[in-house]
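After this come two complexes, each holding chain A, first together with chain B and then together with chain C.
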Partner chain A sequence: MADDLKTPLLDELEKGPWPSFVKDIKSLAGKKEMAKDLLRQLEKSYEDKRGYWKHGGLVGVMGYGGGVIGRYSALPEEFPGVSHFHTLRINQTSGWFYTADALREILNIWEEHGSGLLNVHGSTGDLVLLGTRTEELEPTFRALTEKGWDLGGSGSDLRTPSCCVGPGRCEYACYDTLSLAYNLTHAYQDELHRPMFNYKYKIKMSGCPNDCTAAIARSDMGIIGIWKDDIQVKPDAVAEYVDSGLDVQGLVVENCPTGCIELDGNEIKIDNSNCVKCMHCINVMPKALSPGKERGAAITLGAKAPIVEGALFGSVIIPFMKLEEPFEEVHDLIERIWEFWDEHGTNRERIGEFIERVSLATFLEGIGEKPLPQMIKAPRDNPYVFYEEYYAEEGEGEK
Partner chain B sequence: MAIPVEQLADEMYEIIKESAGVKKLKGGDLTKAMVAKYGDEVSRADAKAAIRMLIDSGRCVYGYFGGSSIELPHSEAAENK
Partner chain C sequence: MSFEFSGKTYETDDDGYLINLDDWNQDVAAYIAEQEGVEMTDAHWEVVNFLRTYYKEYSIAPAIKILIKEMKKMFGPEKGNSAYLYNLYPAGPALQACKIAGLPKPTGCV
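On to the complex of A and B.
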């Protein structure tokens, strides 16, 4: 440990039983000037109650417009170790499966070329390598690509597509999230590395409505697994739950948001026409209940955090799509959406804001989709979609 | 007649040079400028190829300030040497 490192305020964050980033960074502070000055600058920020980072807008690697987030210290004389502190996003594997060797490979490269600090994984889904100098960017990139890794997205581009573990480990998966994430990442390499959109575009894929990637809240486009037919029920397993003392009436029946389950002794009856696929009953009784057999995904658009405008939740644009390789139907939809947004969106306007501005009706017409009742976000949220026939009646000409 | 990609790249480069320090241009702005000038003689794919040519040759670089832009290589104010 570095002897001259005095960080009384940060030290508070090492107390208690929880993991501490301070502890982690300190473990590298003896070895890496960058880690040490990172702590010293942060301590000063805590004292002064302000940040000391400057944004660098031009750093990157040749040919790529994303993947590197430039940062410089505003106090380079005081903290020379973090004079440059650029971050690299590395495209994660589908569902975040790695071998120990793969992780060691990345760590070795990063200890050689950067701070050695990483964040696995960032909220973007990427492996995030924190802190390096401008002149190390190309060598780091070369070392990573030699081993088959690539940068992820940043800026006004397709962000690194991200998915839940899906069928890799989870019985609820209604489609193969891993293979769709892999497919989209490869299909849209240009869009990922060469920013050409009005603003960022995030695609997150969850295998079922539990939505482990939080696609509904955190992605411009959420692809969320769902089924169309009836929940599969194993009567013996239901009886077992009841016999074992699980309060099926209180915990399942009475918590169904649409009240569409009935319990009759040891038997459960579901009115599937009123089920909104919230997953609650399945989550409580996983051995007895499972998603139906006719599986696919619902596609949502528009979620975002507040940056230019306020936060938005995603809303349904495609209630059901079957998802099978080679996923041509998804490609077709994505490309129609991008083309219309590209043509009519304004600078830094996310897809959700765009739809709010031009109206859902205009957007649907622009991408060539029909209005459907599932697109209504909330009660009294009226899309006011006008059908062509109405215009014709007003005398706009024969159809 | 389709406009050659090299010509599009050169014309985009001129626009970027004129706007340097005045307005940050996105890929879409450059594409729209070419379409406005030449109409159907410019496809989106050709405009994309022209931008790729500018970037891969190092004549232009990607910049980021809020949104992404295409700029002439230069050193920026925030940079620490």
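On to the complex of A and C.
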């Protein structure tokens, strides 16, 4: 560590058995003035209990509107090393598969042109390179693109599509998330690099309802693998779980949110018509149970963190879609959604807020989709609808 | 900050955007474009002229989305798209075209 660096408050964050970003930054402080001033400025922030980054500022590389996030110190005289500290987002690989050589390549470029600090991988998805100067942006971009890397999205554009590891490692994958993420990234290069939307648009792809990319909570458009038919059951394996002492009754049957599983000795029965695809039973007994054979994805819209309006979860817009290359059906849906949102949305209005404002009915009409029962966010909560009538009708053999 | 051009001094902000909207004329626009490494063609002027007309009416530069839409209306879809605009103004239609059009620097994170 550099001798002239006094950071008693930050040093507290090095204690304990946990990974520490302070340790990480200090490891570069010996050779990078940027890393040193970053620590100094942060220490001052902790002392004064306020941040010293200026907001935003438009910086970028030629031909692109996104991918670089401008960051300047509010105290450039005191901390010249971080007077410019721009972030670059690099389009990640599908499922975050890298060779060690590929990562070394990124690190070498970044140590030469920037602070050498990275954030890999946060929920943004991209490889996030933290801290460089304006005059280094073009040379960094050139060095990266020469090796086949590209910038990701930022600002009011399509953010870098992000997916779970999918069929690369996981038998639950109900569609090829890796392939779809790759496909969408290439299909929408213009939307990714040149911001022209009302606001950001994030697409996240999870292969099954375990939703490892948290698409339901963090993406404007979540594409979440699901199956249509029955959960596949291997009776022998169920019996083995029971014999091995697994408390199937307590851990599986009683935890089923819709109570659609019954255990009868060594056998389980699943009422698939009441299954809500929560994945719990499959997760507890992976050797015995697996998603059905008729696989595809449910598509949700509208999740976001609270900025302009409060936080939203995604809600279902397409209950089931088969997903196979060349994914034309997804493209068609995405383009209809963008067109309507672009035409009628306001500046800085996310798709979820837009749907809340214009109503789901108007939105569906605008994109040319039919209303379906699966789109209802909270069933049976309208006091003006008397369900008894429907039940009575059903009893009489009508619907 | 300021710069000299054909015997006149032009006041600018720190990033070289003209302070006075009325200082602007085609010659000084071409000069700013040259400094930016942009060679002005009819296609470039279409964008700049649109930006100035819009600014005079609304006192704000249009959002990219509006610029694209209006370009599409006036000149057709082959000119009303972001790739076309970035081709004309590689540093971005917001930043570069506004500078050449003599408008203030667009703010916010675009």
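Operating definition for what follows: the second predicted complex is superposed on the first by the 378 of 399 C-alpha atoms of A that agree within 3 Å, B and C clash if a C-alpha of one lies under 4 Å from a C-alpha of the other, contacts with A are read in each partner's own complex, and residues count from 1 in each chain.
To be clear about the criterion, contacts are C-beta pairs under 8 Å (C-beta built on N, C-alpha and C of every residue); 3 or more make two chains touch, one makes a residue touch a chain.
As the structure is a prediction and not an experimental result, all values here were calculated from the model.
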First (chain B), second (chain C), both or neither touched by A:Thr362: neither
Touched partner set for A:Thr93, first chain B, second chain C, both or neither: neither
Which partner reaches more residues of chain A (counting touched residues only), chain B or chain C: B
Chain B versus chain C as contact partner of A:Asn255, first or second or both or neither: neither
First, second, both or neither for A:Tyr199, with chain B first and chain C second: first
First, second, both or neither for A:Leu58, with chain B first and chain C second: both
Partner chain in contact with A:Asp342 - chain B first, chain C second, else both or neither: both
Common interface residues of chain A - those touching chain B in one complex and chain C in the other: 56, 58, 60, 62-65, 70, 154-156, 190, 194-198, 342, 347
Sites on chain A touched by chain B in the complex: 54-58, 60, 62-66, 70, 72-73, 76, 83-84, 134, 154-157, 190, 194-199, 342, 347-348
Chain A - residues contacting chain C, complex: 56, 58, 60, 62-65, 69-70, 154-156, 190, 194-198, 342, 347
Complex contacts: residues of chain C adjacent to chain A: 63-65, 68, 81-83, 85-87, 90-92, 94-95, 105-106, 108-110
Complex interface listing, chain B residues touching chain A: 26-28, 48, 51-52, 55-56, 58, 61-68, 71, 74-76, 78-80
